[in-house]
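After this come two complexes, each holding subunit A, first together with subunit B and then together with subunit C.
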Partner chain A sequence: MKSMEKTQGKIGIKEFVAIILLTVGTKLSDNTPNILYEDIANAAWLSIFLICLIWLIPLVLLIKLNTLYKDKNLIEIIQHLFGKYLGFAILFICWFMQTYVMFYNSVIYPDIIKTMYFNNTPLLVIALVLMAVTSFGAMKGLESIGSTAWITLIVIKISLIMVLVITFLQGEMDFIYPLLGEGGWKLIKESYNNSSIFTEFLYIFFIASSIKNTKVFTKGLWIGYIFVSIEFILALVGYVMIFDYYGIRLLDYPYHETIRYIQLGFLTNVELFFFPFWIVASFIRLSFYLYLSALLFGALFKIKQFQYIVPTLATISVFLGLIPQSITFSIDYLREIFLQIITPFVLSLPLILWITAKLKGELKK
Partner chain B sequence: MMTLKYLAQVLCLLFIIPLLSACWDQTSIDQRAYVVALGIGKSENENQIQVTFLITNPELSKKEATTNEPSQEIISFAANDVIVARNIANSVIAKEISYNLLSAIVVSEEFAKEDRFLRYMYDLAKEPQIKRNIPIIVTKEKARGFLENNRPLLESRIHKYFDLILNSANEAGLIPKSDLNSYFRITEADADLFLATYGTSEISQDGKDSVEDNFIAGKMDIQGETNQVQLMGSAVFKEGIMIGTLTGEETRIAILLNDILNNMGPIYTTYQDPFNEKYKVTARIQTEKKIDVKMDLKSDQPSINVSIPIYMDIMTQHSMVDYANDSQKRETLQRSIEEEITNKINNLIKKTQEEYKGEPFGWSVLARKQFTTITEYENFDWMKSYPDIKINISVNVSFGNFGEQSILPDFEEVRD
Partner chain C sequence: MEEEILKNKTIDSDLENTIDIFKSLYSVPMNTDVSIRNLFIGGLNRNATAISIKTISDSEKIEEQIIRPLLSNSDSDLTIEDICAAQFLNTHSQIQEILKDINNGNTALFLDGENKAYLFDTVKFHGRSVEKAINEVSLRGPKEAFNEDVAANISLIRKKIRNENLVVESVTISKRSNNELYIVYMKDLVNDKLLKDVKDKLNSLDVNAIQNLSVLEEYIEDSSKSIFPTILSTERPDRTVSFLEDGYIALLMNNSPDSLILPATFWSFYHNPEDHYLRFVFGNFIRLLRFLALLITLFVSAFYIAAINYHVEMIPSDLLLAISATREVIPFPAIIEILLMEIAFELIREAGLRVPNPIGPTIGIVGALILGQAAVDANIVSPLVVIIVALSGLCSFAVGDISLNFSIRLIRFLFIFSAALFGFYGITALFTCGIFYLVSFRSFGVPYLAPMTPKYISSKDTIFRKMLKKELYRPGYLKPQDIEKKKDNS
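Our next item is the complex of A and B:
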């Protein structure tokens, strides 16, 4: 019992890695690949590789800061380094970005479910059910999200690995040529523009103080980072292997088209083996998003019991989600612009933080 | 302990919620009419198509008491597209029409050759219940006629029939593996020709060619009491529209040359016996190794060198020449077969270069390796360039066994 008390409110490496894998990893099965394919066609997998490289510098800097301020998480570091007003402004931007991301996810996921699986069910009902479950998860706090993520992680990842294996067996490797897709320069440019699809790696520093200790945090971060990158690359190669360089650009949700296409021997409608796991992963992912959003809101306005904001945020996002017409397109467009706008901010924030710390002479301590 | 309790609650909710949200889309099995084959053909009205549904009767289970209901039902009507057709059909069919068990899309040749065909095919991509792995069959007659004449005697459960026959004919290499996804893929990439299964239920006697598999569906003279439907050969599509047909043998060669299509099992076929004009040798071919395609596209005269390794067992030969023990005779046989196969391949390539101006061998995919960016590849314009490419074929036959009983008595001696 003694050890339990000690870890109260904190999560271990297993739960932490599980959260990373489910929040970032699940992106390969929504419309994120679509954004990459649209610009750089079959070279999308190379672009993930480049994005990984781009992210190395901010991550190393953030880890340095995190080890320096052992008992602080990124919220407190920002407030400490930038002072009251600038700190507030930056945190507000972070909160806004996170809430925006949560908002469009609360639209796009019901849209996937409606267009691919339940055509007759009203979108509002799907969105309400989805947000009700996720806000329940988010209100329970990080510990619950972490342990649910860890428990379901293995089956979810097994189902994903199965999909990938079948895809690689039934697809055609030669479809990934011409290797550079739309060309080298465009590849680099679009990789940079879209590199904010890994923004979660910045945001998990906001929960750094809820992880057992800094060592565990750093280790978990690298494990998750490497795993997610490999997984992403394999999935992007896999989709191209089925749909070819031209066709892949025409699809809205490649993962779901893939699980509807692949065949498992005599079984028909194989997607029903994979859909339940995908939906559980989506619940956990959205729960974590809601939690982050509430956490930042709480930090901004000094609300200790920030869990109670969750239902409000969830309700708002459901109703905001009803505004755009023909979701698949409008949201896609909004998201692309959003990614391009936030990229410079997301990538430069760690650098600015690190420079400020250095100027203040705190790095030498 | 509290965490555990919460955890249990979350998990319970997670598993119940997906069930709840499905209420709107729930229909029980006995309230659905499952379309097994969807026929699309030309309608009298220019903006409509003739849609044919082959609906299976799911009650036909062996365990339950058999009813007098027939095992299938066919309806045909004019509709704007296949999506709206599901609703229209309900003026006749009491149950909700479902495409969930769809296992074949049957298109009439007449309609496939029309310009507007591609438009109607993309309707299939939009209908959520139709998946992209459903095979396409092109029929010589109207789709309705094909489905009406299709009465397989041994598979009264029609939903299995299409899977089974397409699989076995595909393994024999007589028809290509052709699903909706590859139709879209090849049409979109705009470089290769797409091959679809060709079938018919009309037996025509004109110009019957008795040579092995060198004919298309409808020319095979099958006697006895059986299903009239034959699947053989392939329909050739260029830019989404049908432009011609390939015979069973040509389809086999196309599959042999195409690494993407190739999932042939062992094939049995015959070749001319070099020692006696009158007889043929029967061989079993196995394509284990990938064919080797070398391309040189950057020079002024682009060329492709294809070398095809063929592993072959000689099953029987009526000339009774003793190939098994005579290496020289074996070599003669080998050269003769190589020449025969090379000729057949060259004839097909000539046909694709001169008549169809495109190839169904999936070579454009291999050609992509020569380019680093899509722009470069698209500028090369594979379909335009293909007819002028010089293609060299070399076939290497290697023999395995010479039948189970490899040594035969001397024919003259036995007669004596």
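Our next item is the complex of A and C:
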């Protein structure tokens, strides 16, 4: 008789990969590509390749630590290695970064929806609906987020693949030259500066103990990592093939401009056939962000039933999001600075953790 | 409470006294269908009295197999059990126990000088015979359906599972009417914890009467206010059996022409036994159709409203011109149009069901045709809306299960409202909430969308079915004692 697997409270590999694909993968359809294009023009896709390489070392280190402390997630590992006070400080920084990103996204997504699809609807209403759905999801917990991600993943990715295929068919291959964009050195520098785009891969370790086992976690992480990188690169190449070197830097939301631009046989305006899939992905992505934010907050202040913080966080983020005027400019600028500030921190944290573990002599066990 | 005290007493050896007690309990002679027969047993040289209820017992059997042998007996060595040919059940001395047996159609025989009653099986309830399934029609496969007689239902199940591990346990679930419920399961498959949970739940019921399974359903459901059903009700014995063989639990009851299957997942409502009776390709084809129908029912009206109100640019311009030309003369916004027709359709559907049989179909068709045509001519709705509502109404019939059918019909209205408020944004918001809700929803501890997510070992019978040869496992979410179907464990 085969052993029966208990999945109670733990998520399997499918759900885990789905979470990674939707949280990191959806970034290619917000304003993240825009930041890359602004700095390094059409070579943005190469920079994703570089970012991918840069992240290899931190990821390997984190996986090592995760395999070492089997039942612990990154929160507990940090508390264990850094002690009470330093651990608190680092977790607080992590929480702050996460919450900032969440606030930021709860501004940017309503803005995308408003500017691209619902010009007449007030921003506040859009944001309220968005946060209501995402907090509903976040309160249901990680298992539900994972399951929802898995159920919707296939259609979301099919719609993305369709967009990419059409883009490649209707775009100009020549537009991707010059390959290095504004030059090799700038490419490397900006790739490093923006490599915190993949910060989610660090945050994924905060839920490591909710995955079925370490093996599944490691496998799922690599699958997600490779898949996300490939789709990111393809998407960035695709946008350039449509809009070219100069045009691409003027766009705020390249994905949405792309689905407006492409045609599908007799249908000339196809963006609304892709919009629902994108918005479902965004709901799930923001739910996961909210969940992470609440999880870290709960860990910091020892709140066991942390899901009850979700509505508060969501409400605050809606109202904070209303403060900045002229969203796309001010927020874009803020985000670029933010990405550059946190890069050294997120890249060095795994290394510091690993060194601390080594110094404490725990790696030999 | 004088009666209660009386019922808890035991009978004494004085026959006349005993009969008086029973006469008063049954209000004889006011109560006309209680039969009290006094007789004298020659061989034993004793007076005796037989009590039964005429309308629920087999009077011929009582006459031939109990009364006549007793009257004609001359042998003094024989015991009562030996004299009577009818099946002897038991002896009881407590009044309450005897009453229960008589109320169930058995015959109680009292002997002068003995402080106990002999009980004989003479049950004969009236009911219909086994007939064709009417609500869950299938073209291939067995046609017989459950009826109101639980003995016949159990026999239909036993006919398909000739195995000693099939257990039919009975529980009395109501205090006053003493309704009996039968828990049916495979002893060597069912998960013991699940079985215990179900039994605990049944034993904790504190109600006067539960007439049938349809009523019981609400009492034992975890989330009876939810829009989604958590217990499957089926009138097909073949379907019940296939669930039993997977380790599910079935509940049967007298007066219920169906069985309740628990726990139930979304897929058990979505499936139809015919999917497996048809060839692999055909079976999956109808699954695909059903899935499409489900999506069309849920979304088509909402899409129309969203497209007309918010996303006009997505409609090809020729079609858009045609739509706006027909909508030009209509004074209502799209939502009113759709709601008018949707509600009209729901009304026709409900009324068509309640109309007496011979005129039912006529009224339905005429009502729908006339209402649709006339509404367009009167410029109340546009022709496209009639098509859309007819399509969504028609498609809703493809989901066979009554409960899921209701869920989908209701959710369709939610989608219509969300589309009217926020277009596609509203539809997707509601859809995402719905998925979040569904994945966290449980029926007797089993995730509603299992085994799709969370994953369990199973035959992967979800949207599409696999080849029968590949359906090797029982559903893992039930945690059955034996998960492999092919394993030889006899």
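Assume the second predicted complex is superposed on the first by the 360 of 365 C-alpha atoms of A that agree within 3 Å, B and C clash if a C-alpha of one lies under 4 Å from a C-alpha of the other, contacts with A are read in each partner's own complex, and residues count from 1 in each chain.
As a convention for this text, a residue touches a chain if its C-beta (ideal position, glycine included) is under 8 Å from a C-beta of that chain, and two chains touch if they have at least 3 such contacts.
For clarity, every value in this text was computed on a predicted model and none was experimentally measured.
**Student:** Taking subunit A as the common reference for superposition, should the pair subunit B and subunit C be classed as clashing or as fitting?
**Tutor:** On the superposed model, which is not a single observed complex, subunit B and subunit C clash.
**Student:** Report for A:Gly247: first if it touches subunit B alone, second if subunit C alone, otherwise both or neither.
**Tutor:** First partner only, subunit B.
**Student:** In the overlaid three-chain picture, which partner chain does A:Leu267 touch, first (subunit B) or second (subunit C), both, or neither?
**Tutor:** In the superposition, A:Leu267 touches subunit C alone.
**Student:** Report for A:Gly137: first if it touches subunit B alone, second if subunit C alone, otherwise both or neither.
**Tutor:** A:Gly137 sits against subunit B and subunit C alike.
**Student:** A:Gly12 in the overlay: touching subunit B, subunit C, both, or neither? Say first, second, both or neither.
**Tutor:** second
**Student:** In the overlay, answer first, second, both or neither for which of subunit B and subunit C A:Trp150 touches.
**Tutor:** Second partner only.
**Student:** Quick one: is A:Ile126 in contact with subunit B, with subunit C, with both, or with neither? Answer first, second, both or neither.
**Tutor:** both
**Student:** If you stack the two complexes on chain A, which partner ends up touching A:Pro33: first (subunit B), second (subunit C), both, or neither?
**Tutor:** A:Pro33 sits against neither subunit B nor subunit C.
**Student:** Once the shared chain is lined up, is A:Phe283 touching subunit B (first), subunit C (second), both, or neither of them?
**Tutor:** Both partners, subunit B and subunit C.
**Student:** Which one hits subunit C, of these parts of subunit B: 9-17, 351-359 or 369-377?
**Tutor:** It is 9-17.
**Student:** Hey, what residues of subunit A end up touching subunit B and subunit C alike?
**Tutor:** 113, 117-118, 121, 126, 129, 133, 136-137, 140, 143-144, 147-148, 151, 268-269, 276, 279-280, 283
**Student:** Please name which positions on subunit B make contact with subunit A in the complex.
**Tutor:** 3, 6-7, 10-11, 13-14, 17-18, 20-25, 100-101, 128, 131-133, 181, 184-185, 188-190, 259-260, 365-366, 368-369, 371-377
**Student:** If we count contacts the way the header does, which residues on subunit C are in touch with subunit A in the complex?
**Tutor:** 310-311, 313-314, 316, 422-429, 431-433, 435-437, 439-440, 447, 449, 452-457, 473, 476, 479, 482-484, 487
**Student:** Please name which positions on subunit A make contact with subunit C in the complex.
**Tutor:** 1-2, 4-5, 7, 11-12, 14-15, 113, 117-118, 121, 126, 129-130, 132-133, 136-137, 140-141, 143-148, 150-152, 266-273, 275-276, 279-280, 283-284, 287
**Student:** Within the complex, which stretch of subunit A touches subunit B?
**Tutor:** It is residues 41-42, 113, 115-122, 125-126, 129, 133, 136-137, 140, 143-144, 147-148, 151, 172, 174-175, 177-184, 242-247, 250, 257, 260-263, 268-269, 276, 279-280, 283 of subunit A that touch subunit B.
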